[in-house]
Amino acid sequence: MTVVEIGRGKSGRRAYALEEIGIVPSRRTRHPDEVSIAWQIDAYRFEIPLVVAPMDSVVSPSTAIAVGRLGGLAALDLEGLWTRFDDPEPLLAEAAELGDAAATRRLQEIYAEPIKEELIGRRIEEIRAAGVTTAARLSPQRTVRYYKAVIDAGVDIFVIRGTTVSAEHVSGQAEPLNLKQFIYELDVPVIVGGCATYTAALHLMRTGAAGVLAGFGGGSGHTTAAVLGVAVPMATAIADVAAARRDYLDESGGRYVHVIADGGMSRSGDIAKALALGADAVMAGSPFARATQAPGHGYHWGSESHHPDLPRGTRLKVGTIGTLEQILHGPSTVADGSMNLMGALRRTMATSGYSDLKEFQRVEVVVTPSATPR
Amino acid sequence: MTVVEIGRGKSGRRAYALEEIGIVPSRRTRHPDEVSIAWQIDAYRFEIPLVVAPMDSVVSPSTAIAVGRLGGLAALDLEGLWTRFDDPEPLLAEAAELGDAAATRRLQEIYAEPIKEELIGRRIEEIRAAGVTTAARLSPQRTVRYYKAVIDAGVDIFVIRGTTVSAEHVSGQAEPLNLKQFIYELDVPVIVGGCATYTAALHLMRTGAAGVLAGFGGGSGHTTAAVLGVAVPMATAIADVAAARRDYLDESGGRYVHVIADGGMSRSGDIAKALALGADAVMAGSPFARATQAPGHGYHWGSESHHPDLPRGTRLKVGTIGTLEQILHGPSTVADGSMNLMGALRRTMATSGYSDLKEFQRVEVVVTPSATPR
Amino acid sequence: MTVVEIGRGKSGRRAYALEEIGIVPSRRTRHPDEVSIAWQIDAYRFEIPLVVAPMDSVVSPSTAIAVGRLGGLAALDLEGLWTRFDDPEPLLAEAAELGDAAATRRLQEIYAEPIKEELIGRRIEEIRAAGVTTAARLSPQRTVRYYKAVIDAGVDIFVIRGTTVSAEHVSGQAEPLNLKQFIYELDVPVIVGGCATYTAALHLMRTGAAGVLAGFGGGSGHTTAAVLGVAVPMATAIADVAAARRDYLDESGGRYVHVIADGGMSRSGDIAKALALGADAVMAGSPFARATQAPGHGYHWGSESHHPDLPRGTRLKVGTIGTLEQILHGPSTVADGSMNLMGALRRTMATSGYSDLKEFQRVEVVVTPSATPR
Amino acid sequence: MTVVEIGRGKSGRRAYALEEIGIVPSRRTRHPDEVSIAWQIDAYRFEIPLVVAPMDSVVSPSTAIAVGRLGGLAALDLEGLWTRFDDPEPLLAEAAELGDAAATRRLQEIYAEPIKEELIGRRIEEIRAAGVTTAARLSPQRTVRYYKAVIDAGVDIFVIRGTTVSAEHVSGQAEPLNLKQFIYELDVPVIVGGCATYTAALHLMRTGAAGVLAGFGGGSGHTTAAVLGVAVPMATAIADVAAARRDYLDESGGRYVHVIADGGMSRSGDIAKALALGADAVMAGSPFARATQAPGHGYHWGSESHHPDLPRGTRLKVGTIGTLEQILHGPSTVADGSMNLMGALRRTMATSGYSDLKEFQRVEVVVTPSATPR
């Protein structure tokens, strides 16, 4: 751990971004077809190590079904448009037509509509009806209020996701969510986060979560660093949380908590790097906002972007480049890492000589300012 | 302290900018409403840890009153337009109409008008009459000549601010300001600076100042580094001066001198970082030049920008985005860290698990070249 | 070796790009005319240490002949247009007319045409007939299938080149290429790569190769880092592979395997740096795409750019600046390092005080982020 | 000295650019009027520590006279237009009218005109006649041929300047310049360079030179790094050469050889940094190309830019901002460090608490990537 003295009164650790990391091939190579990228969490097995992020611009009930059929998992945001409106399609269409200057303000207005509890169950059932694994997200602030509706609807995987989620929320006002007790009593596996340090992750693992989100999510357009000053670069965050997994495995006598990297991965190379640094799977949003089926119509935004008092993200124009299937499995017709994400991952692993994800976590990496041109 | 050898004949310390710093959440979180950001210096208590910088583009008597009512403190520049002209409004309006090429030259002309001593008292009284805490600024060069007028007008907090102010100004010509004796004899608390190193700060603290400005101020448009080659990045400057506060506290048997970070903080995240690095409060200008009430009409400049022989700053177009109240307390309608500065600070502290500013100075930080995109 | 801790669970070595390297003159200087830049590999001697990369935009049979006459070596890509089409000229002309958006897709279509085995021999013979040294390239995947045709046609130097080539390709499906046995049985010298680490290079050297490509090639427009996350900056790759050469020399009792830097050298200064870091020669493509004779008509692309499922490179517009002779030997009429590449190399060596390439590998270098402006 | 391992086969020292350096004020301040920036080399005393670089775009006989009257020294390039043409004014005017694309080629043509020996003496005498100190430059290649004409004309200071000049030029062809013997026999003080390392500088000092140029000169538009790969950042070069001065002082029993920083200083802050790092004076060109009197008519180029075979610099448009007097001594009407260079230097020294140049070499500096925005 490199700690530098910033000034006489303060020191800090040097932390690294994915852009500073390069994967180094070993002395072996393999054929991409002989590589497995399957991932299993709790009782659920996926052909690809990917959770599509709970963001209205990428996950609707129908895209959740499509992603499931393509081998992955998509989490629906239960605090987004699909639980605020019977039919959010006109609003999604409108959001795509807004000028940049007006977008933040109008998103704030649209999302001021209250959540309708009955829609929570209905959306989950729409996805379940298609026979794919269901996942749905609440923020920690609203989990106590709405979780029953989620469980009753038969969700498979419960996602509690905020910018920063801690195992110990201190409050003198309301009774905050006691994560440990809540997860203990729940019958479904819970994925919880974000967090970005060894200690915060270890505490989240002790709550009984099946998976922990490493990173602060937020989508490509998030501005957390500018607005809050909060920033832990992803490479360091993932490698720290992965170390917590290893230590918790020992402490718990064998409970393996999955580390799901969440935030800042918009190209296939970023996904490979996250897994190389120790993640078991990744949560990503922006790559899928480029799908023809994406509800965002070529735009992308996260829940930070419409916070009523303090928006911390912008609506990004990402364009439309191909079907969900192409984006996940190719063939790709572009060379920028935005299509055939899973084919690229297979090739990275094959080129580096690894045959499954767990092995690939050991691949050598280098640190270099020029690893990925921006 | 990392000292690097630049070449065989010279070594220098590695210093860090705010852009290189990221705040790391701890394992706890809180609710923003349960966070206190109050600040007290001498007998004066403020709801927010903010001094608006003595710059003509942001502080007029009326905006000083408005800031005071919103919980902060604004310092009027007693060497600016308000003491050179009975009615500076037409000149402020003209400055906003100048083309960029002509701006420096015309500002030099406008500021060639002599200071009128009688206006010093009148301006301070205008602010006092509103019942808010008053602060006013002189440069060290003019303090001896004008301070009586300032004191007589009943200022609450006296600010002596230059790019670099030292406790020991060496001169063979005129009798320079003896800061120690001056502050001793004065009956009001003095804030003095800028300075950027441990030693310079310690000497300023020994003069009896109530607060020390850490950094060289100068506004977002200052070009001190290009013109003078002088540059100490803010993160290191703040952490060094904070260490001087701690050591002086011991040396003096308990006198706590406030460290006010001054310079280069244009986004809410920068303010949070400055406090995380050890500042007790911040002095900022450019964020308030964007207020509808700002005297600069959407432009921003500091006193460096109109130096008669060696201008060291440019007039910046910053635009107008909302009222002073919105900029300080929200709600924000943009996502770039320029609005709801104090709401953002509360949220950073809450997200990081801290409940007051003194505790927050202990928050963990990381060093990373990619902390804040520019 | 500087190893940094990225996070608690992962460390990586700090690696360096050519852009971060500067050559330092010694205390002697020489005249450029008294410098030798000759290079010999196996029985073949070249006046210049340069292999033009097997890319359709730069090497056709006629440019291969021209390069040979100018003192260098050019390798024809036997999986490119010249073995897929009787007359590729119309397709090369068409590729130069495509808009950027359509280029990747159309290149994929054009290269879908199967390789015609009879053209392999014909192309090599066209070059041989001119009396210059011939070199031709296959990928490791197709070497087993086509190498006989190559040998039968009387190629002088056999190039096996892929993004990453390992001595140990693991496969459960087809019988992979056993490099060691293959090279042993072959009667011509083999150049094989790319590779980027000491260990991978050492294993390639043990196969009996005459030369090893250090780097991942791919041309200026390659996007391997974005698509695969794979990245080892060239300066570190070259210096590592050069160390493998030294250690293998001892291990083998005196076999000197040539290190040919391959990738990312588009300016004369880059070539000098590669040699300064330990390369014996360089393989380069993009500088020659700017020749009036270049088959790419002012455009440049590598084989990665038309991969059917996962393109990892873009077609770059590089323009046309002069004849092959001017680009290699001057006189130059531009100041950006794109002309008189060999004259520049002589001058670098003369300025630094070295008289041949082997000595020049010992020249002092510095590491600095600002070595070459981009 | 920080040496980093680039790869297993090569290590290099970390070197620093002026852009990475910031000057740190001490705990004292002074008034700018009480600062001396006088410089004395051999018998010649100057009010300012500045040599204007021998470049046709800045030094003509008339600007040399003007600079001398303003307290500095200007060196005429004896291999430039003033010794090739009776009246170069029309060609200077033409050069300023050329489009960027044609400039390099046309400059090559213009400078193909042979040097006329009789003009050497005439130009020096024109300057001498005005009563200012004269300095004139030859390259090491032409020194033997033309130095007699220079001495006969009564030059005061002889400048031998090339990109890299060594004390030991190795050649099998012509008898090279033996610097040590040449300088010993000469009756005027010699300034020689550039060089960029401790060892090269030490050897140049041992030739008997009065001053050594630290850096590779070349003007703001030089492209040495791109074309040759040669790059030693200025901060490290100056600090290394200054250390050679100190050690040679001891070795020689008291001979003080002046270190003149040469290259890359286009703003006043850069000049201050060079002196802070140990230079006794600076040689600069581009700031003076902006003078109304500049022969380049708002354009700037060095001798590298018109090399017949390998140009290594571009003609830069720098514009015209004021008189030579304003650029040197102000008043300035811009804030970018391009005017009132000497006033800025005084202020830097005053702000930092130093009263003469020799003391100022001890000022504290920091290393930071963000010292000067580009």
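In this document, chain identifiers A, B, C and D correspond to the written order of the chains, with residue numbering beginning at 1 in each.
The definition used in the following text is that contacts are C-beta pairs under 8 Å (C-beta built on N, C-alpha and C of every residue); 3 or more make two chains touch, one makes a residue touch a chain.
Keep in mind the model is a prediction, meaning the values are calculated, not measured.
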Study note, to complete from the structure: At minimum, the number of touching-chain hops separating subunit C from subunit D is 1
**Study point:** Classification of the subunit A:subunit B interface as same or different, half of numbers criterion
**Key:** different
Practice item. Compare the CA centroid of subunit A with every other chain's and tell me the farthest one. Key: D
Check your understanding: Fitting the CA atoms of subunit B to subunit C, what rotation angle results, rounded to the nearest 5 degrees?
Key -> 180
Review point. In whole angstrom, what separates the CA-based centres of subunit A and subunit D?
Key: 56
Check your understanding: Roughly how far is subunit B from subunit D, going centre to centre by Cα mean, in whole Å?
Key -> 39
Revision key, fill the gap. Shared-interface residues of subunit D (touching two or more other chains) are 14-16, 236, 369
Practice item. Could you draw the chains as nodes, link the ones that touch, and say if you get a line, ring, star, complete or other? Key: ring
Study note, to complete from the structure: Listed by label, touching pairs are A-B, A-C, B-D, C-D
Exercise for review: Please name which positions on subunit C make contact with subunit D in the complex.
Suggested key: 1-2, 14-16, 21-31, 33-34, 198, 235-246, 267-273, 276-278, 330-337, 340, 343-344, 347-348, 351-353, 355, 364-373
Study note, to complete from the structure: In the complex, the residues of subunit C that touch subunit A are 4-10, 12-17, 19-20, 104-105, 108, 163-173, 195-197, 199-200, 203, 221, 223, 225-233, 236, 304-305, 308-314, 369
